[in-house]
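Heads up, there are several structures right after this.
One chain, subunit A, links the two complexes that follow: it is found with subunit B in the first and with subunit C in the second.
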Partner chain A sequence: MLSYYLRLALKSFARTPGLTALMVCAIGFGIAGCVMILTVYHTESGNPIWWKNDRLYAVTMDSYDPAQPADKKHPSLPPAQLTYMDASYVHSSRIPQRSVVMFKSGGVLSGGIVDRKPVPVIARVTTSDFFAMFDVPFLYGSGWNASADSAPAPQIVISRKENTKLFGGINSVGRTIRWNDHEFRIVGVLNSWNPLPKFYDLNNGPFDDTEDVYIPFGWAQALQLQTAGSSSCWGAQEVKTYRDLLGSECLWIQMWVELPNKAALGRMQGFLDSYWSEQHRAGRFQRPRNNRLTNVDQWLADNDVVGDDDRVLVGLAFAFFAVCLINSVGMLLAKFLNGAAITGVRRALGASRRDVFTQHLVEVGALSATGALLGLGLSYLGLWGVRELHSLSATIGSGVQELARMDGTSVIVTMLLAIVAALAAGLYPAWRVGRLPPAVYLKSQ
Partner chain B sequence: MSLDIRPIVSALLRNRTGAALVAVQIAITLAVLVNAVFIVEQRIQKIGRPTGIDVDNIFAISSDGFTSRFNYDASLREDLAYLRSVPGVIAASPTESIPLSGSGSSEELLTRPDQRSSDGTLANYFEMDEQGIKTLGVHLAAGRNFRADEIQPPIRRDNSGSDEGVPPEVIITQDLAQEMFPNQNALGKTVYDALKKPATIIGIIDHMHGSWANFGPPGEVAIFPRLPMLFGFYYLVRTQPGQRDAVMRRVEEHMESSNPNRVIKWVRPLSMFKQHLYESDRNMGIFLTTTTVLLLAVTSLGIFGLGTFNVSTRTKQIGTRRAIGARRIDIIRYFMVENGLITTAGIVAGCGLALAVGFWLTAHYNLPRLDLYYLVGGVLALWILGQIAVWQPARRASRVSPSVATRTV
Partner chain C sequence: MLKMHDISKIYRTDLIETHALRSFSLEVAAGEFIAVTGPSGSGKTTFLNVAGLLESFDSGRYELDGEDVSHLSDNARSRLRNEKIGFIFQSFNLIPDLNVYDNVDVPLRYRRLKAADRNERITSALDLVGLRSRMKHMPSQLSGGQQQRVAIARAIAGDPAFLLADEPTGNLDSLMARQVMDLLEQINEMGTTIILVTHDPELARRAHRNVHIVDGQISSFKAYEPAAHRPAPVPEGARESGAAQL
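And now, the complex of A and B:
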């Protein structure tokens, strides 16, 4: 029966090729618009480490200026970063299963075997738990031990990209390399890793590339490293020496903890609160108590990773899809009613209303499947166009381009939704044509 | 002239669904069109606002001295002497951040030393030397430029350099002056930083944009006469018009090998940073425009499709009308009026929808209130579009021969 209905559908398409093409285009464009915008939105609004959402927490404390909030747009939020002294103290707690303090720093890498020229790199100065905590994949080797953190060992982890550039992709673990003209031993090479959004440090752009190299946190003090990320200082405090900076109210350290359960979360909150009270009595922390342990979902929301423009575009995509669907319903209705004479003959020859309904629904199905295929092609082209529009960002070091890559799930989900929606849209015209009294149409022939 | 609306309305009512669907499309299209044009217009204005800087003739160099043998003072002296000697270069200055790059520094400036920090003004500052003003190509509306002997040494974390905060002299923009000293002449006035260190305003720039486009007022900028920190700094170079690219290539080639103790991370035109700064605004404009154009296309195809369908199902009726004396123009008019009625119904609903969407955008997304002129424009545009889309089917209808009426009975 299905193949007969499909044959009828093809015949019907052949009768009105123009109208059929219009409908396929309408469905195709509607789907393409949705797939494109939702693909970008899906990545933007996604949580790249969702499986740890109930374990990973960003640590923030409001140590800011008593006279004004750190972020005027979100006055209820504490600043996104900590001072060096607070981060160091909280990091000493034994409550978290894992704990990371870190910042981003500039630098130059030299001494490769393929490319001998010094190359500028971005380094993450971090503690040993970083890799296990954020499930960072290794190609070769591993991270460093906790003992390498404080009395810093000259150990370095490099990204897959740098390993390819400097060592031609071989296992470079055990080799030495110079970072800012200091000798480091490579202990690990990362596999490709580019979480979007870059949840662990959103300061310079939520879709920035991950860092090229990783070194133990103790090097900050040993080499007097400055942040290449964001630093926010307030109040009347002179920062003349590096020691001044470490003791200052400047906010430049990101901190995350991994807490295995609710009990640990409660204990950690208690730890922060009692540290706060102690410091408050000593004259610091003069803003209302606002110590937070924020999970990744909430962290991404607090930091406005999904912009207003993106939400407007999602609304636009749905409006566009709605118009395309309504348009198809109108044209289907016109087309089916136009073919009422033929349907009349079929009804007179014994086809039931249900047969007529099914037959027309098969026709709608064929149309929307064709439209969906066209839509897939169009969205592929469209996403390529979006990546081209972002090509400048890629040069400057942001992964915004990567947002516009088709991922299997969102394509399949969108397509299924689109086909279901198109079929639903076809229900009414298919039903209407089945309800027509055949006699009227037979008479007029 | 009678438009014969009554028979048209009663015919429409007998075949409501198709007409209603087209009206709904028109309503949604109007709501999207009006708000999209409104947003795009604002983005175009934002991208096009003057920066005050000679963007097209400036390029930036990122230099990073990475070995312990790197001598900041000697290297800076040597680099600047070289850059200023290259033919085609108007001026060059070191700087700690690049204007229009989306990344920069700011400092709270106060008008009185005892003012609370929350009452101060956040000034986006740049550390440059005495050629800074000339390099940026900005104009001093009042006062004077820095003298070479006023340029402070860089801030150093080993206690040997300059202090943080404001240097004794600053040059600020008119926008910042207005914000700090409304309706007063700011030239010669003193500003203070959080450490209560005073600085005298020795010059006022008529207009200049700073580091950011989406973060505070873009034009509240101060120039500090100080060399940038040792740690990763930049040079800005301004060339004669048309010579930027040639000078850039030559400079990059020379500087890459002139000092083994530093790397040149990149040499990029300033226009690239400006383009990047406004990239999301430009892309939003492109997305909105593309989608709106497609939406208009789909809607007009819908009108066209409905018109064609109506004509083909009413062939006999048209023939009959023609046979009993209707002229071609009457038939055309019939379909145009019918479309006009449907469009009007859609537009009435669309006006409400457009205002609702506009209101929602204003409430949630910090957009200004929708200007009603846009609504008027949108209504006219859709009305005309509807008439154009139905013109071809209407003309086809008018060609139906009166003999059709007799033939098929």
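And now, the complex of A and C:
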């Protein structure tokens, strides 16, 4: 019977093409609006390294100004970054399986086989565990040895994009390039990697691109590398030299640890608390004790990666979809009641109420599937437009463009959302037409 | 066998009650051909709707083929309608966007018959009404007489025990009306019980028995000697040429 009902649905569409087109458009536009917003929201609110959520922890300690919290919007949270002194000390702990201290920096890159002028690039100055800890994929080679974290070795890891620009995409491991007038040997080339949100450094834009090059942390002091990201200093201390910066209360280092189990988590928390007590006695850490090891999910929530505006927008998108569906209900009711005489004939010829209900529900299903396809097309078009708009802006990274890209989940959700919602909306009209007394319409046809 | 005993049907609105059938009792034997006559508003169509299980009634008892149908569910009523009753309407009531074949197919679909069985029944029914060659035509491409013959084919395709016809010739000219009546007689001779509602006394005389309804009640019965009172059947040639003109 399903194929029969589908055939009847197509005939019904042909009988009222204008009304059918209106309903398909209502569902399609409602879905498109909803899906575009949901796609962005889905990417924003996702945890890009969910499989390590119970192992990776951001390390934070409240060493900020005793007179005020670091973040007035979230006064209970410690600052998101550490001082160099604290980061260095905590990094020396043997409790974590892996530990990373890092900051965003900048520099000028040149060399390679492609004739290219020196160009400014974004660098991440980090420790060797960075790659294994965050499951960073390599196209060629690997990261550097831990020894390069303290005694600077001229080793560098570059992104796939930079490798393509400098070497045309060939295996460049072992080749030399210049970064900030220093020669570095390439030890690894990353494969495509762009976690969204960029959880490991939310201070510098949660949807920024990943870095172009990765430099061993040991070079920070050797080259007196400054942060190119956000830093927060408080009090009246003077920071004139690089040594001043390293010994200051300025917060500019991000720190993550990988802890294999709850026991390690407890020990690490104890380690932080002991360090805090020691420093507190020495006159630092004058704010209440607030040492945290925060997993990725909580870290994204604490840092408002998904803002209130986004949630309002999602609500508005659903409201728009609801309005479209309510309009569709009205149009469906009009369409079905307009065909009541034919339904009356079918009832007289033996169709039960259930038959009539099913027939009309199949029609609604076909209509909603068509609306979903239109919505999918419109969503692709709309998201393409968003990406094109962003691509015109040189200041916005491709991470923002990635937000506006549908994945398989989004496509499936779109189809299900459209069909389930439209079927739900069609329940009443389909039920209503099945309840019509057939005898009334048999005379009037 | 159709047996109605003391049936009452009242239409109610906020302001008035209309007694469409009052203590209505009637028995129709299997294979009988009865004509129901009466003035407009007398309750003829209500009787037909109740008989055809399209409407419920307020009191009384109704047996169809020995089964009490007074309190059946919608599903059961629909199944009985589909299996035992064929309808023919004054305005044909063909589904305009289905062709002749698909129109005749409608009741068979609801009986969940297999495609081959449906096809055999449809072609046989269209053969009987002389429209097999028009099975791909849309209703709008047919004359009124042809449309009514399609409606008859649709009504008999499921081989029902009862055929309920509500003014089946009301929208046809006299020649076409006679052809339709010939067809109904032919179907009746094959064993189908026919209940015909009509205003036309000449057509009513072609039935075995007349039931006259006034104010929702049977006011009189009249039985005919069929052969003596029926007009001469339309000759075969005239039927074919008539069909061609339709």
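One rule holds for everything that comes next: the second predicted complex is superposed on the first by the 436 of 445 C-alpha atoms of A that agree within 3 Å, B and C clash if a C-alpha of one lies under 4 Å from a C-alpha of the other, contacts with A are read in each partner's own complex, and residues count from 1 in each chain.
What we mean here is this: contacts are C-beta pairs under 8 Å (C-beta built on N, C-alpha and C of every residue); 3 or more make two chains touch, one makes a residue touch a chain.
This structure is a prediction, so every number in the text was calculated from the model and none was measured.
When the two complexes are superposed, the chain touching more residues of subunit A, out of subunit B and subunit C, is B. Shared-chain residue A:313: touches subunit B; no touch with subunit C. Once chain A of one complex is fitted onto chain A of the other, the partner contacts of A:239 are limited to subunit B, with no touch recorded for subunit C. Within the superposed three-chain model, A:108 lies in touch with subunit B and out of touch with subunit C [touch as defined at top]. By the document's definition of touching, of the two partners only subunit C reaches A:1; subunit B does not. Of the two partner chains, neither subunit B nor subunit C is touched by A:263.
For subunit B in complex with subunit A, the residues that touch the partner chain are 17-18, 21-22, 24-25, 28-29, 31-32, 36, 39, 62, 64, 66-68, 103, 108, 116-118, 157-159, 163-165, 194-196, 229, 231-232, 263, 265, 272, 275-276, 279-280, 282-284, 286-288, 291, 294-295, 298-299, 301-302, 305-306, 308-309, 312-313, 361, 364-366, 408. Only residues 1, 4, 11, 14-15, 341-342, 344-355, 437-439, 442-443, 445 of subunit A touch subunit C when the two sit together in their complex.
Residue ranges of subunit A in contact with subunit B, taken from their complex: 19, 22, 25-26, 29-30, 33, 37, 65, 67-68, 106-108, 110, 118-120, 180-181, 204, 224, 226, 228, 234-242, 244-245, 307-309, 311-313, 316-317, 319-320, 322-324, 326-327, 329-331, 333-335, 337-338, 386, 389-390, 392-393, 395-396, 428, 432, 444. Subunit C makes touch with subunit A in their complex at residues 45, 49, 52, 54-55, 74-75, 78-79, 81-83, 87, 89-91, 93, 95-98, 106-107, 109-112, 154, 158, 166.
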